[in-house]
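Take a look at the structures below.
Common to both upcoming complexes is chain A, partnered first by chain B, then by chain C.
Let's turn to the complex of A and B:
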């Protein structure tokens, strides 16, 4: 811009601006120094800033900046050493100093007062120093700007701060004492904080200003962030002493108080320290002290805390929701996985679960032991009783487990903030004890529980309640590892319910199935659904056959009605139904009376017309029959005669037996062997049916000679003509046909069958995998097989190995020659 | 002294006795002036609301005041017109600017 203004000369500046060239440095400095003294004694109003500034300006222009800088520093050094230090030292009361050597001798209150006086004095000195130095610095602004920047010196203000650090804080407290003021300051602050921790009220504001002082002073000239006196000197000591304090406190509290109180205290301490950082110290310390407190009070102690007598176990048992929440919170602070808490919770679950398991085992075995002692007499009844007992035990087991589950769920909701990892841990623990190898019955028990509810439990309940019950069962089902075993039991129980019409509501049954379908997938429920389908088809068949018979025009008044269930042999667990004998393979044809035989043939013909190529096998042992029985007149008490009719509901075998007596002349009897010869009923079934017809009290349609509970081959039976029943309809159940817990032998059988079917499933899985991969390492094959079957059950590795061997034998696979580790190839 | 109401105008006095009353806010653009008038320090200048600049003459100080207002006016503006500066004053103005730190 100047260039555009033509050729005017720029004159040199006049001399006057530079002032007298020959100013005397010493004189000028003398003026400045005396002015500084005035500033330090707060008499600035008499001074002219402009004059002082001009003096300094001139000195700097004279290239005497370095000299000036040095003089100012010297001046400040002298001032601090002579004036300020003295006033600070005057604050060291005997109380304060005494305390630094020994803790005893002075009361807390005296110490606090002395400490506050010291802090106040120091704060005052610091404040004055700051104000004066900023005035000085402004007067010497020109020097700062020109000299300090050019020569890379710290500004005079900064330099003066260092002087304060060196001359005041790092000066010895007294001539004899080696300690410096800084360490005394740290000590006093810590002492004050300690007093606050012990419940005293201290001047937080005062401490905070001293802390600010430490924050604004640096250890070295670089003023780097981490060389603040605060972090280098005070904070370190603070953390150390806090660590020590909390270590002792935690030890004391663990010894003297219970876990709940400990937790409350710890939480309170953590909050206190947080507040302290905000109100008394600096926020930057918060995470550090937090860690110290957490380390000392929680991390190093959590194990002891959890295992205390009044620890987690006690809290769980006594439903101390709030305390558990505290522990959870504390543990979460130091360990996002909450390892210790999880560990102890899991242990408690497994312990409680195992208690339930063994209680169930004891309950189911105790009566069994009693049976062995009671000898032969009444063995059957006792056995039945023991089976009942076992069922009760099973139901109790399920309910106990559910109660346990409810308990932990509510704790989880109430105390653990619905923490996800903890829920996983809970689930795992439940699965652990439910699938415990020492307790193999959980699948059976759960199925029994459902069975019991389907038959009785849900009577008179609302839909919502029923749903809750089913949901519970599903929850347990989720824990079951060997789903295939459960399926087997469920099928068996369902089968009984369906065929014997024991189920209260078909809708509920279907509802349950659909729930299982959601939970376990289509595969699982396919066969169960097929069972329902069979039932529906059978109803149609029955109706159809009825019409068919009516259509034949055979108006026989004695016509027998037939209700039939046609069951697909693959889907129904026929082998587990009723027939305990091992002769089912050569199931003997039982001889039907002609009237029955005729209708049976009729149905077979009708069925074969509808579905050609299917073979019907009659499961006589599963059927029931309604018979109208007429008993001869007997004289009543008043002398009249009355004919008595009863509708008897008996098993099919029972019906066959009774029909034999129809053809018998009055008073004649049949021996056991004769009955067997006539009917060809399997021995066991015959015994049971005769027992229920002749032995069960109140329902003796037949009389037995000799009268005893056991049926022997030589026993004779005759029609009980004087039978007198209270009801018109009488149901004669067959002994031990209810749904009970399995006996040991049955269980072994079930397990064997289960193993067999598992073997097939494993083979299928192996082949599926190999077909896809063609070649695979042994280890990989095993793990993939495990993964595939996880939804159904957890096979043993040994079993997989055996299946692989067998597949190799049958040339589905081959071992690869020359491979380092075992490897297989699929043979198409 | 902190409670004292700050006057709106302050007086700058040149070495040859000219007095310039200018807005405090403008005057304080010069750091030296600002510090001299800082109420927290309470120097004589603050008590009197007057600062004597004994090494700047009236001509230069007038230009300085002009510049202070100019600076304040265009502090946030764009496309600022150049100030009118006589070349013969350039050097003296530079020195004054250095002294006043503005």
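Let's turn to the complex of A and C:
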């Protein structure tokens, strides 16, 4: 401001317009002040606005703005302290003041009435103050515009609001009591809210008016957003007291009610608080109070809640879909990962899953143990029975797991809003128990489940039903970690189904393959598809050979028909078909009867013409033959004599054995050793075939001496001329065929084979990686290998280490000298 | 194309003429103006405050401004309805008892022109008036900017009234509403404009302030030698607060551009009597900022 401006003498009047410009400030102020008093006492209607405005304008024009501003403030201060404060203090009833110290002595109702009276009075005072001040501010408009703006003072209205804060809210409630009105106000509002929480009905509208007052008053002159009295004073106390209240309530509820009721109450409380912010307090508080309630009722309690006796476990077991949904909702509020719920659900799945696992083990192990101990061939039947039991156990296992999955799926849909992370958690838990190290049979069981359905289960089912069954298998398959093991079992089971024509429908088989292809990839099904291809080619070969033979023109009525399956070696798990203990080269060639040998040679010649350079190995143990057998006349019951003919379906070995007896004079017998010498059938196979021909009741084509179940080297066999079968067609199976759960020994072998093939795959993966990377740290190599193989199986790190060692020995890799940590280099 | 704007301006004017729907009366001594709250309160802070509060005026519907200069009040009311003032002899307002029904496009309302430049015959031609109103309309929404521009010219004398710019301004539809230029030119009205400026400041009517300021500036250039000048200077310096620079700046710039003004006896007298003016002139003469 430049010198000379500011306080100056007032010029003497020059013209009529400013004739009264030499105003007497005090006089004018006196007029204004008395008008203000009229306004405050609601007597404004006789005042002239124009006159008051003009007075104020002139004062400001004559540079008395500051003085005016000061006087108005003083006036308001006086007014509030002398007139308003007294009327507020008159509202403090004794019990209102008393209960700020202690709750005793007054009833809730009394407190509520007293509280409402106080709130109403305060609201009234505030409302009056606002109305009057807006009138005053309009009268003093020019002062605001010129003086307050030029001097950066708060407008007179704002200044008067501060006065209300200081002279009313921050004044003591009474002369004795040190507390100020504001804290009493907070207390009364909180008290009213507490009454509402306890079920009383309070005047929300009244509270809201007082809340608006707190919202529109500020602690500092800057009127910054976070200095509102509401947030500085009331809201803080509100949050604190609510926290305390909900802490106690949650403790009480955990003790006295069940988890479902707790959830319902918690949800209700959350909604109430939300509503309260809308109807009674301010929306800005909503997220804060919500956090308090959620913290106290949910976050700090969720663990206890979930683990309650009536908690998640109980809800799952009793299908409390709605309560689970509540708990899900609550957990989701405080934890987007829903950690506690997830933990508890996962635990329940694994527990239930392990129950299923051990049930399956109990069902299968008891008899299996018995056979394993005896290990005696004579117990074959018993073993078969136990194996059957195991198959049943396997199928039950699959169905139990599927049922469990259905249960949790429906909970997931019904209660968990199809939450993605939870689904992942469910999947992980299923995978956990399915791949549990204490239960190594999942792969086998699933394959058996498919096998069972392919052979029997899908009979008479519609396409959709069949598809559902296959889909179930696929679902379980997804959980399987060691896919390679499953592949091995599936191949084995499929092999039997194909070679023994056990499949009900080829189409369904192929459908299954294509499903697995989608799920597990091309690699996985390649060999399975190759098996199907072999079957097709074999059919063509058989037809072709038949035509070829027919074309030879050699019309032999006794001609033997040959059906042949040419199986690509390596593709088929032939060891599972019984020739498990020998390697191809060591297998002794059995001697065929001449008629058979001729056909065999004929086919070999035919085949070699088509595919030169291929070697055919005959797997005699896997074939079957249909023979027409004629038994001599024996007297029937009615005394007639009839020749009896039977069509016998026997194994190829069985046929060879039976043909021996064709050449034997009637009544002669052959010893075991003689038969073995003639046929050169491997010992085990011979024993089994003789058992099925001579021991199995009702199917004794041969007679054995002495009659016993076991076959010994010295036993003698002769043709049973008096054989009498009920049916024309008789199928003589060989002991131990068909897909059963493996015995422990078999399983060990399967696993060993699997490990061997894994070793190979690991090496392949390591080499692939190293070829690309050239040099790599040990740790990285291991983790990349794990990643590459994840789709097939999860190799043990130890195994990978061994393979790396082996590759180093074979000079695919070398250890890099001088590296701090283990590091390898690829050797081209 | 511009007819909606023209229509609004003429509708306002006819409201004023006919007093239809009037819900508020402004009185100055014996004069009474039938006005409309919706139109006047939305323009003036004072009037809005007056009607907003339950004091005497809002109950009675009468505002007595007898303390004010009657002419200034009349111009203010005129401004509310015509967006201009002082383009008719003040007798016109007595046309409450008035005469011929007023059409906004009647000859009376033809283009306001600088008489030196415009053919009076043309001015009186209603068709031409229509045409010029239509042509000029694009400026309708921007006049305040034009005023600003013109007024912050440091050298006011450089802005001659007959420059093409000025011509364009004169065609502004705000100013086409009324004519009577002869009187305007002859009478400087400097004191009157200063008073209108003061009343606009007092009652919080920014548009009127701007308009009065422009008129004051324009007139001052045309009437430097006017005998009104000294008194006008005093009015400027005593009717508003120091911080209000609107007319003060114009006066100071006029002194700067015409130093020999202070040689006039009557001017000297006023400077001596008006310390605010004297002080600022002193600052100016010393090359200091006139107002800080």
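Methods note: the second predicted complex is superposed on the first by the 792 of 828 C-alpha atoms of A that agree within 3 Å, B and C clash if a C-alpha of one lies under 4 Å from a C-alpha of the other, contacts with A are read in each partner's own complex, and residues count from 1 in each chain.
In this text, a contact is a pair of C-beta atoms (placed from the backbone, for glycine too) under 8 Å apart; a residue touches a chain by one contact, two chains touch by 3 or more.
Being a predicted model, the structure only gives us computed values, none of them experimental.
Novice: So in the superposed three-chain picture, is A:460 touching just chain B, just chain C, both, or none of them (first/second/both/neither)?
Specialist: neither
Novice: Looking at the overlay, does A:46 come into contact with chain B only (first), chain C only (second), both, or neither?
Specialist: The answer is both, since A:46 touches chain B and chain C.
Novice: Between chain B (first) and chain C (second), which, if any, makes contact with A:818: first, second, both or neither?
Specialist: So A:818 meets neither chain B nor chain C here.
Novice: Looking at A:613, would you say it contacts chain B, chain C, both, or neither? Reply first, second, both or neither.
Specialist: After superposing on A, A:613 lies clear of both chain B and chain C.
Novice: With both complexes superposed on chain A, which partner does A:199 reach: first (chain B), second (chain C), both or neither?
Specialist: Neither partner.
Novice: Looking at the overlay, does A:57 come into contact with chain B only (first), chain C only (second), both, or neither?
Specialist: In the superposed model, A:57 contacts both chain B and chain C.
Novice: For A:697, is the partner it touches chain B (first), chain C (second), both, or none of the two (neither)?
Specialist: Neither partner.
Novice: Just which bits of chain A does chain B share with chain C as contact spots?
Specialist: Residues 1-2, 5, 8, 11, 14, 17-18, 44-50, 53-54, 57, 135, 138-139, 141-142, 145 of chain A touch both chain B and chain C.
Novice: Per the contact definition, I'd like the list of chain A residues that touch chain C in the complex.
Specialist: 1-2, 4-5, 8, 11, 14, 17-18, 44-50, 52-54, 57, 60-61, 63, 134-135, 138-139, 141-142, 145-146, 150
Novice: Considering only the defined contacts, which chain B positions touch chain A in the complex?
Specialist: 15, 31-32, 35-36, 38, 40-47, 51-57, 82, 85, 87-88, 90-92, 95-96, 99, 101
Novice: Would you tell me which residues of chain C are touching chain A in their complex?
Specialist: 45-46, 49-50, 52-59, 63-65, 67, 69, 195, 202, 204, 234, 238-243, 273, 275, 279, 283, 291-292
Novice: Which of the residues in chain A end up touching chain B in this complex?
Specialist: Contacts found on chain A: 1-2, 5, 8-14, 16-19, 44-51, 53-54, 57, 131, 135, 138-139, 141-142, 145.
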